[in-house]
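The following blocks contain the structures, represented as structure tokens.
Shared chain: chain A. Partners: chain B in the first complex, chain C in the second.
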Partner chain A sequence: MQIQNKVLFIGPMGAGKTTAIQTLSDDVAASTEVQNSNKEMFNKETTTVAMDYGAIQLDDNQRIHLYGIPGQKHFEPVWPVVAKGAIGAILLVNASQPNWQQDTLYFIKAFDMLAKSNSILVAANRITDEQHDELAELLDQQGYCLPLLTTDPRFHDELVLALNILIANLEIEISIDD
Partner chain B sequence: MALILGTYGFSPYERKLIQEQLKVIDSKVACQWMYAGETTEAALLLAKKPCHKGTQAVQVRLYKPVDKNSESRQTHYIDAEWPLRIFGLLDIVQQTEKIINNNSAAQSGTATTNETAALIKKLTALKSGNAIYQLNNQLLAALTEENRRTFIYSRLPVSALGDALRKNKHIEIGNAVDNATQLPHKYPLIALLWDLELEADLPASDLSQWEQRRYSLGQWPDFKWLRTGDNVLRLSAAFTKRPLSIQEAATLLKIEPGAVIRFLKACTTVGLRITDTRIRGAQARLAASPNEQQGKQLSLLSSLRKRLKMAFS
Partner chain C sequence: MTDSSNPLNSNTLKAAFREALKSATKGSSGMEFLLMATSDGYALCDTISDGSNINRDSLAAMAASFAGISDGLASQSNKPAANGSIIETNAGLLVCKQLKSNRHEVVLLGAFEQSTNHGIALWSLNKVVSDVLAILENYN
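Coming up: the complex of A and B.
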């Protein structure tokens, strides 16, 4: 068994992955932001082309690594490599984007191994109460039993709750002998 | 009443001894005691503690927090001879039962088990346009319906409203006043019901009613509104992963069976999908003790949780 010491931040471009890592990271998070050449897809100035990285330093010289995958789908072949050894993944969803429902399902399917062990947490932002209920129903219809939070990636407290859920999930996974 | 006994700092041999001794004294004590092994979350915690004479002391701790917003707990210490002999353990268990009984009596100012159940039933039946008043006609909360969900407007945050309702035995239901939606706190009714269920005392009959079946959760609780905590998160993870009986979940999480039942009752009250099946097969296989790698993983997770609590609280 490989020690799981990283947390993934997954989701489409513009979902808030880079911001979430910067919010949680102890050091200045490493980012690979460049000028966004695909403003039709999402109108923001910069986007991540390789990987975002941050870390949470623990007391005993151990670190929890925070990886943000590049959200564009043409980077999909590298996703399983990054997913190895992950405590879990926080799927960031920006409900103000078009096709946010399809994107959510796309990323859950792309990280199927994590979804099977309930190790994906859906953290939605810019979401109305109606959209929140719609998303819960959508996950339910697709047979996914995943935690769903409303999370602003700029706020520590909401991300800490997300991390605590992933911790609880892995603790139980280890304690139940399959 | 079912209660958990835990140990801290005991060797595997000493743990086995405690377990055997507990079986022997079972008929001589009033409550149903279950041994949870090494844990810090138990009604009665036996912890070895060096004393000035070189002997050991046993610490007895009540599980129920004095104030749910703080980590403070009612703690009683009882010195005992070490090694702990069977009559010594019997004495400690009986003293603990006495402390727990006295504590329950001291809390007679708050709602009883049945009163809390009746309160929850009353609140569940509330509709949009209703309001809750105290005896002096002071508005506690008003209800409205928005997006097919019943919301509460109140002067009080959800936990304080729960406390106020538990303490006020005479609340009146009336019509909401026009400006009720200007009250500062707004949350769905389920958030209040969830809080009340998690804090409610359980009648002894509840344990037998729940213990013959395995339960699984079809959805995670909506933590946008519902109060969390380590046990709530781990209970949610456990019951969404596989069907578990009350006892299996209590053993897995090293908590009292009552806490598991309270959680499942809260899930039922807020409308989460729970399926249950009669226990047929053998007990769900719980990892006996983690291997070295698993131990390292659990330790890493524990460090991370501690770090998150310290840095971001």
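Coming up: the complex of A and C.
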């Protein structure tokens, strides 16, 4: 039997959500990119306004639908719409961005239901060893027991590993609950 | 946070948009309000009454998302470059139009009373679209 699940990609603008979904998806991913009018926030040409979508056949029995949220905070009303039915989320953190620590906590709190059930994996990119330790400590201080990986959103294998770890973690959580 | 280098943040341009929207709302029966936003969801101007409980910033973000999803849906259906979309509610129509000039992309949302039919709503909004596009082109 084919199992179908939905996984979210969350994180601020410029964290790599669109790139990750494009990298992971078996087919060409769908996106809702428009001209970025706020280059002070993040200096890139386009930004996601509704969602990204892709899908990957993780193994013979499991197809994962990948949904990316629009990362800018004024799109927060859209997040629950995109998140509906997701079993877990990969939180992308770009540690070269200013305020990456606050942003990380902001997104964890915005998706509190997933965080509380340990259904979020934190995938950091452009991160130094010191920042990695800082992030691990930050999560620990806030009482979150979430898997933390260094993952480049351009590398398929790293993302597949992240996805597999997230799903394995979810299965462990379900078996503990049972 | 705003980007002062972005012409859409020009007060002159916003004032011109505001006037176009105000005059369209006054001159059209059945139009409740108009809201204009950048295509990435920042509110530019609107004709929502001051006493209204509508959150302009959230509405601007949702309008941009809706325009974005309309573009994506059209593209997936092999009908690229959506120009607009309609939401039918029990309390009237919402019509969203994507406007693009050489340099700018904006979204225009029109809310119409229950008694206004699709044809009138589209006709009314298209008149505003022409005015806004003229302003955008002239500003370039």
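The rule is simple: the second predicted complex is superposed on the first by the 165 of 178 C-alpha atoms of A that agree within 3 Å, B and C clash if a C-alpha of one lies under 4 Å from a C-alpha of the other, contacts with A are read in each partner's own complex, and residues count from 1 in each chain.
Just so we're on the same page, a contact is a pair of C-beta atoms (placed from the backbone, for glycine too) under 8 Å apart; a residue touches a chain by one contact, two chains touch by 3 or more.
Owing to the predicted nature of the structure, the values given are computational and were not obtained by experimental measurement.
Enquirer: Once the structures are superposed on A, label A:125 by its partner contacts, choosing first (chain B), second (chain C), both or neither.
Expert: In the superposed model, A:125 contacts neither chain B nor chain C.
Enquirer: Just checking: does A:94 make contact with chain B only, chain C only, both, or neither of them? Give me first, second, both or neither.
Expert: neither
Enquirer: Touching A:104, do we find chain B (first), chain C (second), both, or neither?
Expert: The answer is neither, since A:104 touches no partner chain.
Enquirer: With both complexes superposed on chain A, which partner does A:18 reach: first (chain B), second (chain C), both or neither?
Expert: So A:18 meets neither chain B nor chain C here.
Enquirer: Look at A:78 in the shared chain and tell me whether it touches chain B only, chain C only, both, or neither; answer first, second, both or neither.
Expert: Once the two structures are laid over each other on A, A:78 reaches chain C alone.
Enquirer: Mind working out whether A:146 is in touch with chain B, chain C, both or neither, as first, second, both or neither?
Expert: first
Enquirer: Applying the touch criterion given at the start, work out whether A:167 contacts chain B, chain C, both or neither, answering first, second, both or neither.
Expert: Only chain B is touched by A:167; chain C is not.
Enquirer: Should A:136 be classified as contacting the first partner (chain B), the second (chain C), both, or neither?
Expert: So A:136 only meets chain B here.
Enquirer: Comparing chain B against chain C, which has contacts with more of the residues in chain A?
Expert: Ranking chain B and chain C by residues of chain A touched puts B first.
Enquirer: Which positions of chain A sit in both the chain B and the chain C interface?
Expert: none
Enquirer: Give the list of chain B residues in touch with chain A in this complex.
Expert: On the chain B side, the touching residues are 146-149, 217-220, 222-224, 228, 230, 233-234, 236-238, 240-242, 252, 284-288, 290-291, 293-294, 296-298, 300-301, 303-308, 312.
Enquirer: For the complex, give me every residue of chain A touching chain C.
Expert: These residues of chain A touch chain C: 30-41, 47-51, 70, 72, 74-78.
Enquirer: Quick check on the complex: what are the chain A residues that touch chain B?
Expert: Residues 1, 3-5, 56-60, 62, 64, 87, 118, 129-130, 132-133, 136, 140, 145-150, 156-157, 160-161, 163-165, 167-178.
Enquirer: For chain C, which residues are in contact with chain A within the complex?
Expert: Interface residues on the chain C side: 1-3, 5-6, 8, 38-42, 57-58, 60-62, 64-69, 71-72, 75-76, 104-105.
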